[in-house]
Each structure stands twice: as structure tokens, then as C-alpha cells.
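First the structure, which I've put down as C-alpha cells, then a few questions once you've had a look.
Chain naming follows the written order as A, B, C and D, and within any one chain the residues start at number 1.
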Amino acid sequence: MSAIAEVPEGVETEQLGYGRAINAALAEEMRRDERVWMMGQDVAKMGGVFGVTRGLLDEFGPSRVRDTTINETFIVGGAAGAALTGTIPVVELQFADFGLVAGDEIFHKLAKWRYMHGGKLSLPVVVRLPTGVVGGAGAEHSQSLEAIAMHVPGLKVALPATPADAKGLLKTAIRDPNPVLFFEHKGMYRTKGPVPSGDDYLVPFGEAATRRRGDALTVVATGLMVPRALAAAERLAADGIELEVIDPRTLVPLDMETIVASVERTGRALVVHEAVRTAGAGAEIAARIQEAAFFSLDAPIWRLGALDTPIPQDPDLEQLVIPSGEQIEAAARELVAL
Amino acid sequence: MSTRTEKTGETGTASAELALDLYRQVTRIRALELLLHRYVKEHGFGGFWHPGLGQEAVQAGAVSALRREDYLFYAHRGLGYALVKGMAPEVLLGDLFGRTGGSVGGKGGGTVHFVDPELGVLGQGGTLGSNFVLGAGAATSVQLLGEDRVVAVFFGDGAASRGTFHEAALQASVWKLPVVWICENNGWHLSAPFSAQSPTEDVADRAAGYGMPGVVVDGQDSVAVRAATLAAVERARAGEGPSLVEAKTLRIRGHYEGDPQRYRDDIADGLEVPRDPLRILRERVPAAAADDLDAAAESEAEAALEAALEMPKADPGIVTEGVWT
Amino acid sequence: MSAIAEVPEGVETEQLGYGRAINAALAEEMRRDERVWMMGQDVAKMGGVFGVTRGLLDEFGPSRVRDTTINETFIVGGAAGAALTGTIPVVELQFADFGLVAGDEIFHKLAKWRYMHGGKLSLPVVVRLPTGVVGGAGAEHSQSLEAIAMHVPGLKVALPATPADAKGLLKTAIRDPNPVLFFEHKGMYRTKGPVPSGDDYLVPFGEAATRRRGDALTVVATGLMVPRALAAAERLAADGIELEVIDPRTLVPLDMETIVASVERTGRALVVHEAVRTAGAGAEIAARIQEAAFFSLDAPIWRLGALDTPIPQDPDLEQLVIPSGEQIEAAARELVAL
Amino acid sequence: MSTRTEKTGETGTASAELALDLYRQVTRIRALELLLHRYVKEHGFGGFWHPGLGQEAVQAGAVSALRREDYLFYAHRGLGYALVKGMAPEVLLGDLFGRTGGSVGGKGGGTVHFVDPELGVLGQGGTLGSNFVLGAGAATSVQLLGEDRVVAVFFGDGAASRGTFHEAALQASVWKLPVVWICENNGWHLSAPFSAQSPTEDVADRAAGYGMPGVVVDGQDSVAVRAATLAAVERARAGEGPSLVEAKTLRIRGHYEGDPQRYRDDIADGLEVPRDPLRILRERVPAAAADDLDAAAESEAEAALEAALEMPKADPGIVTEGVWT
């Protein structure tokens, strides 16, 4: 009963930051397939506002690594048009929030265009969406909006929580014929971890990762909440309370099997995400757990998520809005005792 | 970057062959329009039909300036765009009526969607203006792949107000993308007259701000539309970037078939087309040939309708297909 | 144990269509308060694509009833700016789906601007959003998107299911100092019912309506699913199975008290909405029911919602995607027997 | 509707009094900029500070053309907009540092938001370009209420690419709304040079397409900026509709303080302001008076910083306040 390695045993790894892992995935996929290209604001010469695309302009040139002007509808809608016509765009919005500036393009074009046209077209687009709080970026630059993407059929939704997954999921996303919203946590860009060095390390979509084994409670956590939940689990382990921590990694497709199997063993579940709790992905996960495992449950399923408020701009205040490790710990303790 | 705003009313010259070809296309669209008008009136149909009656010359003129491999993002008014690009009329009607023989397999119906990647017919966004960014994106692919293709994006005078035009047009000019923006200015955004919702006389007046040519042509004159579009297409093909072609035309019928048009008093609720594109073309083609083409178009339309109505309705099972691959 | 009148007893009513009830609310509020005005595409001379605003131009003139061009970002963002500066705009988007064309304006401006500016500003805006399937309008004109609004704090969300509520909730919305997303079901515009005639009939936000009393199962339904659930309940009543049907009427604020009290009596709950089931409002409602009433539940909470697919354009196919009365009936029967 | 594109480089005439007043504002902004530069460098601070060093003449010149009751939607670069509109510098710094004495009560911090409805300071959208539609909406209110106010909307050359500009500018022209669009063209959208991302030389070239005047002024010359803005404001006040004023200026520092600017080689990482607005103004004001104003500005800035740093940090309890009323 303890933490599980981030990368399967036997795989050769190097220590890499989450942001560098994304960079590596981009470079490898662009080398592998000439049709893969990128655009976004400041992604070329500057290498992105978070430095994630640094060096790619030098290797792949200005035709495949393009700086756009400030035009989110084009970045996303243009990617859709380009995908229809034989290339594979991987585009960056500077902040996930700007997905709502291109709401029509994401939720109507990327999500529905294939369906609306009888399945004859495909839209292999990856939209990279730096997500979450990062220290003072404010209400329109700090949101976690993945639940919206989950609610609109036609998109796939990935949320890597480790450098290895950042790389492996992005490579899978680029090779997927469907549009993928790729929520990279911008507060984790500098988090280091072991990352498989091979070109062919792919993390499949729809397979949750059990990050830690335990029998007292199943914690389902995404993104930044994964390390917070693991830290809370270590503290509880000192008191003999062993949490099982599951990271779904993709919300669409969602691996409910792993989650339900775990809850059937533990009898209890806590879902934690950084997104607003109300109508967040945790609501769906909780609703499905009780649908599938009602008679195994010893207690209600609890959820932790951001308060019903925008993210305040002040860096001290913003942390008060999203779940902390201490809150996870306290909730777990209380729920286990229920 | 060259910038001009040309307003031409002249018809331009056209070979007899070209005129005949355009006549054929215009009368094919017209025959379908009239047939659909009758059919929808008599039988109704689930969905919304936005008739293109009177706008045939724009669709025929502009699309005939494209090659088979060029890409087309069409608008919601009529079927002419795809018909001229080469799609079979029974397929288009199959889509309109939600039949399995439609190009989208019964998933269309109503405000029709059809698609034919082989012919470059790439679809339509139901949200007005989404075509702009899609088209510019397709043109980026063309540029990246070094292909010899042009992207044509159709839109109405109303859709021209969407911000996506601005975002796409700026980027397309900066990147010199091979796009041609084709505005069917029929004077109406649904119930709002263009004249009351535009600060300038022409949509083409906005082109200069994007560093691209903007041309106004008589949209009832298919030869003029074709010539203007061809110039824009050649410019795009030569790597000189996008252009805007605005064709002035008329919306003869309601916004959708059945629209009582209480907001409108400029036109009777008839089928008469002022400055009829067919009449304008007739000056250039032999009467007998025109009559033959009219007859052929009518039979084509009737056969298409019959074929479409015989196609089975879509299987309910398809509703969950095609969301993800 | 049977259906409950749509309007409280003793209130004077007239028979009115749902669309006409909205029209009456608009006219009354514009008469009451000079600051109230409207804009949208085709709302003036045409009276709206669904005819809802007919006659208002004549009474209130072109300054207060304005046709815009095709510019959803202005319709919503302009309303925000106008609300900041002393007027009360009630704007119409032709289809609720177009809210995503103005995603930044709805979810960042309307929802957050007050908070971001320290509570010193207020945004009394009503955005009228014709929602739901209507017979062949297609994937981008038929969605039910209220769950997204529920997930982004700062908005209020109303979903009237009867003509009386259409009027009473809209009047409340216009008088509310907060931005309100008003989801009117476009398939119900012609539904007739008793509507209070007085100028002062307001339906408060955050008070669910119990539409029918029963003891076998609590059905929580919104919008078009309310009449479908009531019809299903009638059929089940013939077999002696009495459903309690609750219509929350507003999702923000959400009256969980009424719902939970009912589930505590019935021991079972079924949540039904037209929106996509995955990550829909029903997930939140189900998650909260089990949080609050876990130990009263005799069976898992079930949810019915649209399939994970866009709405097909064909009018016959679209009905296959959203819950039918028969499906509600079957689910209720099965759940009661569980 | 009149349409002109004027490119003026001349300074225009200015009374001694006006020049002195502008000097006072420019040096006040400058003093705050320099002080903040030092403070942020030495102490860091949570959040993002977008310095406006070198752009003082645009903010001082344009805002000084407004009346107290006019509305202002400002941009993200510096504090000059609100300072000149009348907000106290310690309040602005309180907002920047997330203190209770800020106008938003500690909820600001980082990319600063401040507000003062009494002074018409209405806020800023963190998503670039959202100001356009907000501003046009505020102007609609003004028009509806028959008030004698004008709305000023500031934006950068980058934000000018947003589709909201198109949607707002078209509608504002059609409705003749009292708006003035003020573009601070500092040559950069973050790391992208304006010249590489605009098909035309000037943002003002886009004005004609919206049937409104577009003027280019020297943004380092506060007198010229004021004159151009005043003309636009008067036009708006007279009910003749919106205008666009583009002030050419320079971004001296990084996009945010700390930006290594590896993408840039046109300028050293210093504090030197080429074509310094203060030097340009000094030709018109007595040296002694200017010196006095410089000294006063410095003390004002220092006192403001001290006051702001003494303000308590926001109470955690406020995070859940102000979402709904």
C-alpha cells in the first residue's frame, strides 16, 4: 500500500520538467510526421508565453511553427479547416480560458463538424490549453474548464498530471484522428519527473492510472490535485489510513472501470479537482460511481473543487479558492470515519 | 500589398462556349429552386429551406471559376454552390430530405449540410461566419503542403459582420493565403436590410483595411461574377494572397421558405426574378440552345427529386455514429 | 397524489402561450422601468425569429427595441457595457447555442466583471436563450447548454417549463441586479397555460416547484422534460405508482432543500434533462442528492439525458437523442422496482 | 458618413497652460513607472506588471481630452489612464499589490484591475478585445439615456486584431454611438512585431471600412494626441459617431516586467525613452516649472508607494464576496 511509480518498470527514462516533456512530444511528433505543425500567439520566436515551444522554430522553420496575431477564433477554427484538408495542427491558446473566446470553434466546429457531415470528414486537431492557477493571473487566465469539454460530445479531453503523462498523452493526442483538448497545468510546467525517452512511448487514452494503492478510500484526482492528494495520502498513511489515488488522465474517454472497481473494494470515494465544484467533472464521476457501485458504498461520495467564485487575481487569495492538500486530508479523514 | 476597390457594372466579354456553360449551370440551379419551392409548399418538410432563387448567377459564376481540386466552404442559401462544383442533384436533395442517399447519410435535413471531399466540397458552419476561419485554415494547409489549390469561402452580407471575418481576413492577408472571400450581398440579413446595418455602401469597402483587393460586381450577371472571381482566384493561386469579391444580388423569397416577410415591402411574394440572370445570359446564347438547356435542367431536377424521395430515410442507428472516429 | 396547479390558487389568470407570456413580461417590465431595453437580431420589425418580441417595437420605439447586425459578441458584451452604465438590457440570441459564439462575453464579462472589480459594479443583464430541439434546426441550433452556465460562478440560470413561469421568472430576471441566462424552450413557445395577468406576478429564483406529489420516486425534471415526466407519471399512476415531480425552475440558485426533502420521503430519485447526460446539470443534482440524503436512499440515483452525440439535423432523428416520455416511464418503473 | 485617413506628424499648437498641464500628467505617470520598475525589480511581487514606460504621452494626451463624466475602458499597460482620469496613485498601487485600500478592495493584484464609477473608470477585460464591445455597449446606454458623455476605449495594436473590434466598430458606426477608439500602437503584440502581423501600415487604415475617421498621431507628442482625441471626442459628443485615433508609440520594456525579450533586438534593456515625451514637452514649458513638476511627481509617487505598502492585505473572507449581489 503505497505510491506507484509514474512510469512502468523497465522503461528507460530521463528526468524532465512537465513543460520540457511537452516540448519533447511536439518535437518527436513533428519529426515523425511532416503533416504535424503548430500555430499560436508567440509560439515561434519567443517559444510560447510559458516557454513550452522553445527551439521548435529553429528545428522546423517558420512554415510549420507559426506565430499568429491575436485571433483565437482563427487559431482554433483555422486548425479545424487545416485538419479537414490534410494537415495535423497542434495549436496553443495562451490560457485555457481563451477557449471561451473561440467557443464556437471548439464546441461547434471541432466537436460537431465530423458528425454533421456524416462522418466523412475528420478533424485531427490538438488544442493545447494551459490551465489552472499559476500565481496572480486572475479570473480570466486561471480557470479549469475541462468539464465544459466533457459535456459537449465530439471532443477528447486529456489532463496530464505528471511529466511522463504530459509527453505520452500529447503524443497520443497528436496521433488521434479526433479533436483533443489538451489541458496542461501551467502551475506544473516546472515539475520534474521521470519521462520515457523513447520516441514511441504513448499513454493510451481512457486508461486511468492508479497512483497509489490503499483500502480506506478511493480518491479520484486530476491535474494539480494528483500531487496534492498523494501528499495528503502520505500524511494519512502515517496514521494507518491508506488512500487509493486514481488519476483518470483523460476525461473523454473516461475509465470508470478502474474507478468503480476501486470503490467496490474501498466502499468510499472522494473526487477532487481544481475546477469549480458545482457542475464540475467530479459531479459526473460521483454520479456514475453511485450508479455503478451503489450497493458497495458505505458512505456518500464526497467532492472537493473550487468554490463558487471566479479566481481572485491576488496570488495569495487564489489558493483559498481551490482545494488544498490540507483540505483533501481533512475531508478524507472525515469521510473514512463516517 | 496592392489595394484597390473596383466597382464594375459591366458584363465583360465571354466566349459563346463560356456563356453556354454558365447558362447551363444557372438554369440547372433555377430548375432545382423552382421545383423545391413547389415541393416544400405542397408537402412541407421538416427543417428549414433557405431558397436561393434569384442568386443563381453568383453561385454559378463564382464556383465555375474554381477547379475541381479547389476547396469550397458554401453558405446556407440554396444548393447551387455544390451543384456547380459537381455534386449530383439527387445527392443534395437526399441530404435536404434526410435520406440515406444524401452525402451525409441521412444526418442532414433541414438547413442542409452536404459534403464531398473529392470535389473539395467541405461543408458549412451553421453558425454564420465560422466559414471564414475554417477557410483560412484550409488555405494554410494548402500553403504548408505546397499544393496548387485555392479556397473559396461564400458568405452573406449579414455574415460579413461577424468578428471571424476580421480575424481570418487579417491573418490570411499577412500570410498571403490562397483564399477568395465571396460575398453574396442580397441586401438582407434575415429581416434587417443591409443598408441599415452597414456603415459603408459596400462590403467590399472593408477590403482595403485588410490590404486586399475588394471588387463589387453585378451578381445577376454570371459572366461578370465569373470574371471577378477568376481574377481573385488567379491572384490567390499566384501566392499573392486573398481577395474579396462582392456580388450584388437579390433575395427574392423569404429568409426561409414560409417566412411571411412582414418586415419587407420591397418585393412581392412571387417567383419573378428582377434582372433575371437567365434573361441576361440569353443575350449571349442561341435561343434554341437555351431552350434545350432549360428542358434538360427541368428533367434533371425532376429526376433528382424522384430519386431522392425514393431513398430510404436514415436508419435510427446512425444517430450515435460519427461522433468520434 | 396528483398533478398540482401551475399557478397558485386565487391568482387571476388568462390562457397564454409560453412565447406570449414572455412577450407580456417584456412589455410589462419595459413599461414599469424606462431603463429596460432590448436588442438582438431581428427583434424589432420582425419581432424575433420565433415571434416572441412582436409588437414591442411599436410600443417602445426603435431606441429601446434595437435590431443589431450579426454580432453576438456585441449583443452580449454590449449589454454588459450598457448595464455598467445605467440601463437594463434584455438581449436575445437567436439560439442558445450562440452563447458559445459570445463565450468570452457571457462567461468572462457577465459572470466575472463584478467580482473582478471588487463588487463595485453590477451587471443587470438578461440574456434570452431559445434552447432545445425544435424540429430540424441541427447540431448548432438545438443544444441545451445550461450546465455550462451552472459551472461558471457569477451567472443566474433560469429554465421555465410553463407559460406562468416563463412570465414570472423573466420578470424576476429583469429585476435582478445580476446577469441572468434565461433558457426559454423554443419547442414550447406555443404551449398554452394559465398565466397570472397582474403586473406583479413574480416567480422567485431558487424555489423549486413540486408539479405533482407522489411517494414512489422523486423525479427532478427541467424544461421540456417537465411535461414529459408529468405525462409519464400519469401513465404510472394508472398502475398505482405515484411519482413526485419537481421542477427546479432555476439552476442557479438551486433549491436542493425541496429536492432532498422529497427524496428523503421517497427513497429514490431520477433526474431528467434534455441536455447531454454526461456532465449535465443532472450530474450535479444527483451528486448533491446522495451527499445530503445518502442514508435515505433505497436505490442509486438515475439520470436521463441526451446521448453523447450532437443533435442530428433530421427532425425524426433528433427526438432519438433526447429522453422521451416512454423512456422516462420505463426508467421510473425499473428504478421503483430496484 | 465622412471618411478620412489623416496622418499627422505635426505637434499642433498648445497654450502654455495646456502644455504645463500635460507635462504634469506625463511626469506623474513617468515617476510612477520608474518607481514601480525599481520596486518590482528589487522586491518582486506576485502577478504580472505590464510597464507603460515610454507610452505616457498617449495616456496623458488622450485621457486629458475627456471630461470627468466620460467613460473609460483602459488597457493593461501601465496606470496612466486612471491616474489622469483622476484616481489617486495610492489607490492604483493598492490595487496592484492586492491591498484593501485599492479600489477593488484587495481583489486586484497582478495584471491590475481598478475601478471608479464616479470618475467613469469602468474597468478592463483581461481577455484582449473585450473592451470593444463593452465600450460600444456603454455608449448605447449613453445614447439611450440622452446623456452628454463619450466613451473612450483603449487598446493595443495587438488587440486590434480581435474580432470584437469588427463587431463593435460596425455597430457603433451604424448607430452613431459616442465612442472613441484609441489605439496605443507600440509596435508589438507581446513577441510579435506589429509590422509582421498587419497587412496595412497603420491600424487606422482599417477605419474607413467602418465608415469612420481614422487618424494617426505621434504618440510621443502628448499635445498632438490630445488634439486628435479631442477632435474625435467632439465628433462623438455631437452625435456623429465613433472615430479611431492611432498613436504611434514604443514599448521600451518587456511585455511584462521580467520578460527577457529574447525575440527582440530593436532596443536595449534600459530605461532610456527614445523621443521622450517629457523632452518634447519641455520645449513648450519653462524649465523651472518642469523641474518643479518632476519633483512633485516623484514625491507623489513615493508617498503613494509608501501608503500602498502600508495598507493591509485583503482579508481572506473576501474571496467569496461579490460574485452575486
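To be clear about the criterion, a residue touches a chain if its C-beta (ideal position, glycine included) is under 8 Å from a C-beta of that chain, and two chains touch if they have at least 3 such contacts.
Predicted, not measured: the structure shown is a model, and the values here were computed from it.
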| remark: With centres defined as the mean of Cα atoms, the chain at greatest distance from chain A is chain B
| task | Pick out whichever of the two, A-B or B-C, is joined by more C-beta pairs in contact. | result | A-B
| query | How many angstrom lie between the CA centroids of chain A and chain C, rounded to a whole number? | reply | 31
| message | Can you work out the whole-Å distance between the CA centroids of chain B and chain C? | response | 37
| task | Just give me the whole-number Å value for how far the CA centre of chain A lies from that of chain B. | result | 41
| query | With chain centres defined as C-alpha means, what is the inter-centre distance between chain B and chain D in Å? | reply | 44
| field | For chain D, residues contacting two or more additional chains | value | 106-108, 113, 125-127, 161-164, 167, 170-171, 174, 196-198, 323
| task | Name the residues of chain C that each touch 2 or more other chains. | result | 68-69, 71, 73, 97-98, 101, 104, 108, 115-116, 138-140, 153-154, 307-310, 312-313
| query | chain A touches which residues of chain B in the complex? | reply | 71, 73, 102-108, 113-115, 117, 122-123, 125-127, 130, 132-145, 163-164, 167-168, 170-171, 174-175, 321-325
| message | For the complex, give me every residue of chain B touching chain C. | response | 46-48, 98, 106-111, 113, 125-129, 158-159, 161-163, 189-192, 196-198, 262-263, 313-314, 316, 318-320, 323
| said: Using the touch definition from the top, list the residues of chain C that touch chain A in their complex. | reply: 97-104, 106-108, 111-112, 115-116, 138-140, 147-148, 150-154, 275-276, 278-284, 286-287, 290-291, 294, 297, 299-303, 307-310, 312-313
| Residues on chain A engaged by chain D in the complex (per definition of touch) | 41-42, 45-46, 49, 67-71, 73, 97-98, 101, 135-141, 307-310, 312-317, 320-321
| Along chain B, where are the residues that touch chain D in the complex? | 1, 161-167, 170-171, 173-174, 196-200, 205-212
